[in-house]
Structure formats: C-alpha cells, structure tokens
Amino acid sequence: MLEIKGVHKTFNPNTINEKKALTGIDLTLSEGDFVTVIGGNGAGKSTLLNMIAGVYPVDCGRILIDGVDVTRLPEHKRAKYLGRVFQDPMTGTAADMQIDENLAIASRRGAMRTLRFGVTEKERAHYSELLKSLDLGLETRLSSKVGLLSGGQRQALTLIMATLKRPKVLLLDEHTAALDPKTAKKVLDMTEHIVARDNLTTLMITHNMADALRVGNRLIMMNNGKIIFDVSGEEKKNLTTADLLEKFKISAGEDLNNDRMLLS
Amino acid sequence: MKNVKRLSAFVLAAVFICMAFTSCSGGAKKYTIGICQLMKHDALDAATQGFIDAVNQELGEENVDIDTQIAGEAPVCTTIVNTFVSRKVDLIMANATDALQSAMQATKDIPIVATSITSYGVAMDVEDFSGKTGINVTGTSDLAPLDQQAAMIKEICPDTKTVGIIYCSSEANSLYQVQEITKELKELGITASPYSFSDAADLRPVVEKAISDNDVLYVPTDNTAANSTGIIDGVARPKKVPVFSGEEGICKGCGIVTLTIKYYDIGFQAGKMAAEILRDGKNPGDMEIAFAPQFTKEYNKEICEELGITVPSDYVAIGD
Amino acid sequence: MFFSAFLASLPGAVANGIIWGIMAVGVYITYKVLDVADLTVDGSMSLGGSVLVVCVIGGVNIYLSMLIAFAAGCIAGLVTGVLHTKLGIPAILAGILTQLALYSINLNILGKSNQALNSDRYPLFISMRFTPKTILVCLGITVFLIAVLYWFFGTELGHSIRATGCNHAMAKANGINTNRNIIIGLLLSNGIVAVSGAMLAQYQGFTEVNMGRGAIVTGLAAVIIGDVNFGKIFKNFALRLLSTVAGGVIYYIVMTLVINLGMNTDDMKLFSSIIVALFLGIPYWKNKLAEKKVKPAKESDENA
C-alpha cells in the first residue's frame, strides 16, 4: 500500500545549520498494516511523515502509494490518498468555519471543488449520525464554529475528517501528545475503533511506549534518520518496554533520548 | 449593540451642540459661498485669497458668509460640494479641475464659478468649447499665454532648434499645455518633445535625458514640477541649459525667464464674476470665461547671470 | 440651520458611502476571508474608473462597461496573485508592485491624468445629479453583490477559499490548492474594487489616476467600523458583508459631519489612519489585559 524506497532528506544543506533528517529510509506497508513509530528527539519521525505527505520535496528516493508514484506530486495533490492528523489540535481544522463545513471540505478531499453547494442537507444528516455514533456530543452543534471546541474535540474532529473519505494511508503525527491523559486515551480509543472499522493502513508516531506496543500490528523504531528496528506480528505482541529500550541501546549504541517519552 | 448606541448618542450630541452654536448667529440675509479647493498649494491658495478679497470688496465683508474647504484629493471634493449643495449655498467656487468636475456633477442650479482651470473644454468634457458654458458654470482660466511663451523662447535663445518639455503625468492640466505649446513652437520652426515624470523620485533621470536631447527645456504650469524645482535646477544649471517656465514659482526655482500670470489675479477676477452673479443676477452660462488680465515678464537674476544670458529691459527680476 | 444642512447632505453621504462600502467588501474578501493584506486596491480602484470612462466615452454600453471594469480589476488581482504565489513575493509587496504598475497603466488607458465624464452626454445610471435614484441603484448593486458572494462562499470552491484563508495546513491536507485559491480570492476582490471605482467615476463625474490613493485605509476603516458596530449581532456571512457596507456609509456620514463642523479636511487622512489604528489596536490590548487577569484553569475537554 505504501512503499518508500531510499528516501534521503537534508535540511539547509551546505550551511552551518545542515541537518541530515533522513538518511536512507526503506519501508513497505501492506494493506491494513497499523504501524506505530517511536524514536528519540530528531530521529526523523515527523520528517518521514511530512515526506510522505509532501510537505517538503525529497532529496532522492521514491514514494509510492498503492502503486502510484507520488514523489513529485505537491502536497495538495497527494492529499487525495492520505488522511492526516497533526500534533497541534489547531492544525487539522479551520477554526472560523462550522463543524459541518469542515467535514464537508474533508469529504471532498481529492475531488474537484465545484460551484455546487458546499454542504448539502443530506450530508448534514449523515454527519449528525456519524458524530452521534462516536459519542462526541457534537451532533447537535453542526453549525458551531470549530474554534469554539476544546482541543480534544478538535483533534477528534480532525480524525473524523481524515477518515471521512477512506484514505489509502492514515498518517498520525503524535496526535494525542498535546492532550491531557484522559482525553488522549479517548482519542486513541477512537483511532483504534475507526482504523479497525475501515481496515485502514496506518502510520502512527507516538511518544508513549506502552501505546506503541499495545496498538497496531507492527512497530518501527527510528534513530538518526534511519529505521533501526522493525518488528511485527507475534514478536511485537510479546515485547515489553524494557525490551524496547534494550533494543535501542544495542542498535543505536546509546540510551534512548526523548524528553517526552513515557515509559508507563 | 452598546457601540451602536454609543455612536448614535455621540452623533446626536455633536449635532445638537452645533445647532446651538449656529442658531446664535443669523441676522440679515447674507450671501453664502462655498469654496472647494483641490489641495493646499501656493498658486491655488493665492487664487482663493484673490477670490475672497474680490467678493468682500464687491459685496461687503459683512454681507457674505464664506466657507473654505480644502479637499486634499479628488474624491473628497465630492463630499465637500455635496455638503455645499445640501446646505443650499448661493454660489460654489471651485478651485482646480477636480473641484469643478465634482461641483458641476453635484448641481445644475447653484451657480459655479471656477478658477485655476486651464481648459474648460477639456475639464468639462465639452467638444467645440465656445468660451461660454451655457450652463450654471463660469470662471477664469489659468492658461498662460503659450503663444507668447513660445515667442519668448525664440527671443531669448534665437538658435534654439529643440525644446524638451518636462511635465508630471498625473497633473490634470499639463498635457494640454504640452500639446498647445508644441503646436506654437512648431510654427516657429522649433521641435518640441515631451518628457513626463510620475513623481519627484524619477524626475532627475528624466531631466538628464531631456537635457542630453535638447537645446533648452520648458516647464509648463505644473504643481508637481513646481514642488521639485531644486532637482531640475541641480541638473540643468551645471550643464548650462536654459530652462523656460510657464509660471513664476518654477522660474524662481530653476528657470531663466517666464511670462507669468498671477493666480491672485485670476482668483480676484473670479470673485468679481461671482459678485455679478449674486448681486446683479447675471446668468453664468452667458458669461465668457475670463483669462488673466495681465502677464508679467520676469527673469531669474541669479541663474541668468550664471548662464551669461542678458534679458531685454522689459523683464523684471523676480523678487524685485 | 446646521441640523437641516447636515440632514440634507445625508443622502449624498449615503450614496458615496455605499460606493466606498462596495470597495470595502472587496477589501473584506482579502483581509478577513483570505487573511491577506492586499494593497493592489489603491490601483484597481482607479483602474475601474479609468476603464469605465474610456469605455463609456468610446460608446460602449454602460452596463457592459461596468463588466469590462470588473474584468480589468480581476486581471490586476491575478497579477498580484501570480507575483505572490508563483514568484514567492510577500503579499504586501506584491500588492504594492501591482499598485505602482497600475499608475502607469491607468495613465496609458486614460491618456491623461484626469478625464471628465459629463452625465449630460452619457447614459450614466448613477450620478450626483440624481442622488435618490443613485442610492436605490447602489443598494440594488449591493444586495446583488452580497447575494452572489453569499452563494459563492457557500459552494465547494467558496468553502475551500475560506479554509485557505483560515488554515493553510488544514487546506492542503484536505487536497485544496491554496495558491490557486489565493489567486481566485485576489481576483474577485480586485474585480469588486474596480466596480466600485467605476461607480465612483460615474457618481462624481470624472476619474483621476490618483483616485484610489489610500483606498485601502478607507476600506479597512469601513470593515472595522462595520465589525465594531454590528459584529456582535451580525454573525452570518451575508450580514457581515452588509455591515461592511454600512461601515462605509458611517465613515462618510462622519466625514460629512466633520466637514459641516468646519474641520480642516487636510487632516482627514490623519483621522482615518488614527481611527483604523485605534480599532485595530483595541482588540489586541483587550486580549493583553485579559491575559493579565489569569483565571484559575477550568476542567476542560469533558466532551472529547
């Protein structure tokens, strides 16, 4: 479903601020894979997701989504294949627009924006049902401005928007990191529910090792712009956080350094 | 909501205060005149002053109530004349082209006396202008005697073959003067070429180009050029190129000689015409557009001496 | 005397205010919807006037001339949009560049700096000569314009433009071509401003290459006055546009009042700038003061 071949990325090349963010990434995700990504500060996790989404061009290498080479497509054209949820709850939604308008924009991801009505009555009814089924208490507030919602509500809404039109790949960039633990759990539960319901291919960066182990069928660990550990299936299920830290030490030759990493 | 109330309260309060003030005045019937001047500028100020002096002299200061407004820019003229019209002033004085255009658009009934207009035909968009407007408009023109100015160039510098004309492209009246004097010069066998600039920032290279192409320069009556004579002088004088000018202010700054009108004079003449309309009931549409009553031959002593130019004895030095 | 004179000058102020209010609607689209400060408007206002006058004098039907003026404004917006999105020039600078270029273009269109448009010779549909009819026509145009914009910003394309102005990252993540949308918004905005310039040229009976100088400030003043006075009660997009036009009308009523009071009109620009600066600054300081009075954190996110 997602193929990444030999992707390199260096920021500010040939300057004092030169930063080799990705140094040869090869990764293939099969249909329905739910991959969690962990790694230290500056390991290249977010850069990897941004490369897939097309936020910056790659230096070399190729990215294929469902067999289509998207390496040279600009961000807004790749969006056709991707659902994205960001770390900052403010990033994924348009605050000055209504809930239903945000959903309607998301449902047209990848489609021509025409002069037809931006949101129809039929869609509103559908959104109302959808929100009700997810128990967010938002189904009666379709006409509210998104800016009035709490961070957790906005992140939940972003998740719904990212999956409203089934994406080929769902990219989650530490999407629960900015939320309080209770809300983070709710959003993560909802994520698992939606991914399972739609059988989505998912790449999720997380700072929570327990989550990384519990959720998904595969785990990759990154360090210095490389994937240093890739585990799936039964082997992943049997891992503990202590195993992970040990694995990191062996592969990277140093202790895992992530100031947000939660070992709980 | 609170703001709406506050605003309306403010407006009402302001209105009542002003009513209280204005109701104290009153008395015998006065002629009310609204003056709309396009912008603050020496020449236009002089014309307005001339107008006020003439009106006060003809009608008596105690019998006229004059409101002078300076727009600053064209669209504001509209608001000003609109105020005059709704106040039902007895006469509107429009000083400069944009003011006249706004005023004639605002009213067909209230007499309008204009001044500082170079060409009424051009300003009012009338073809085959006859000298009378036939409507509620009359006034005075600030058109310099371009034929005599052309002759003046020939008189002072008889060998002149080419003249570069410097003017500002955003001035309403300059282009007309450029076209007219070009015709006059052509009859004298002199080739004139226009050099336009948009503001003081690009004036210097334009003047340099004009100097390298021509024997002498001519600057018509042009407000922007009048404000930037230092630049013209700074380029022309070191190259010993004589600059002829359409009016006194420019000559004072960078010219050698001019045949000039006095804006005070045309304003004064307009004031007399206003008095004839108000007191004698004359119809503005039947009154001929008036020109400056006299022209003054002037020269800039300092520049002429430096360039080694001797002027005929009927020229007077500026400032004397 | 003063009161009646002021009342009598109100219709003119209203007509003038509506025309500038329509210009402010154009400013609203860039400033509020797109979140771009577009300085092209000073030039496109004059452009609208120049194009209309040249067309009308050239014998083109007055309504068609208005359309041509709209199209010309759109092209000006397109240029700014291309400079900004394709050449990466900051929006403010791109607007200034186009505005400066338009000075020369307007001079070339007009052939001179000032051209009278005699309402006795041409079939103008708005003019100071017939102010009551002009107010009706201007109101009609306003209602039509707001209706069309209300519809447009409710379409899929309109939604995507609003999302672009609100949140670039969100727009791109949802497959919206933000660069194209910025161009469309600038195009539409400058088209509307040019229509306003075309109306102003008819109303005042002439056009002038510097006619639009400082229009951005007047436009912002109208947007802000409308927002401050009606923002709390008018939430709907169409009503917000309407309050912008009302802001233009209030601006001109105050200006007429100021002139009636005999204040020096030289200082008008200074006052406009101060008013705009104050109204832009007050919300900022309100927030600052609110931040100082920090309230204890409340339990949030209960619904998430």
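Letters are used for the chains, namely A, B and C, taken in the order the chains are written, and counting of residues starts over at 1 for each.
The rule is short, and it goes like this: a residue touches a chain if its C-beta (ideal position, glycine included) is under 8 Å from a C-beta of that chain, and two chains touch if they have at least 3 such contacts.
Please read all numbers here as calculations on a predicted model, not as lab measurements.
Undergrad: Please find which chain has its CA centre nearest to the centre of all protein CA atoms in view.
TA: Central chain is C.
Undergrad: Tell me, please, which two chains come out on top when C-beta pairs in contact are counted per chain pair.
TA: After tallying contacts for each pair, the winner is B-C.
Undergrad: Please report how many Å separate the Cα centroid of chain A from that of chain C, as a whole number.
TA: 41
Undergrad: Just how far, in Å, is the C-alpha centre of chain C from the one of chain B?
TA: Roughly 32 Å separates the two chain centres.
Undergrad: Nearest whole angstrom, what separates the Cα centre of chain A from the Cα centre of chain B?
TA: 70
Undergrad: Of all residues in chain A, which are in touch with two or more distinct other chains?
TA: In chain A, no residue touches two or more other chains.
Undergrad: For chain C, which residues count as touching chain B in their complex?
TA: Spelled out, the residues of chain C in touch with chain B are 1-3, 5-6, 8-13, 16, 103-104, 107, 112-119, 121, 127-129, 200, 203-206, 208-211, 213-214, 228-230, 232-233, 250, 252-257, 259-262, 264-266, 268-269.
Undergrad: Contact residues on chain B for chain C in the complex?
TA: Per the stated touch rule, the residues are 1, 3-4, 7, 11, 14-15, 18-19, 21-23, 26, 40, 67, 69-83, 85-88, 97-98, 101-102, 104-108, 122-126, 169-172, 174-175, 198.
Undergrad: Inside the complex, what are the residues of chain C that reach chain A?
TA: Touching chain A from chain C are residues 152, 154-160, 162-163, 165-167, 169-178, 300-304.
Undergrad: List the residues on chain A that touch chain C in their complex, please.
TA: On the chain A side, the touching residues are 53, 75-77, 79-80, 82, 84, 86, 90-97, 101-102, 104-106, 108-111, 113-119, 136-138, 150-153, 155-156, 161-162, 179-180, 182-183, 186-187.
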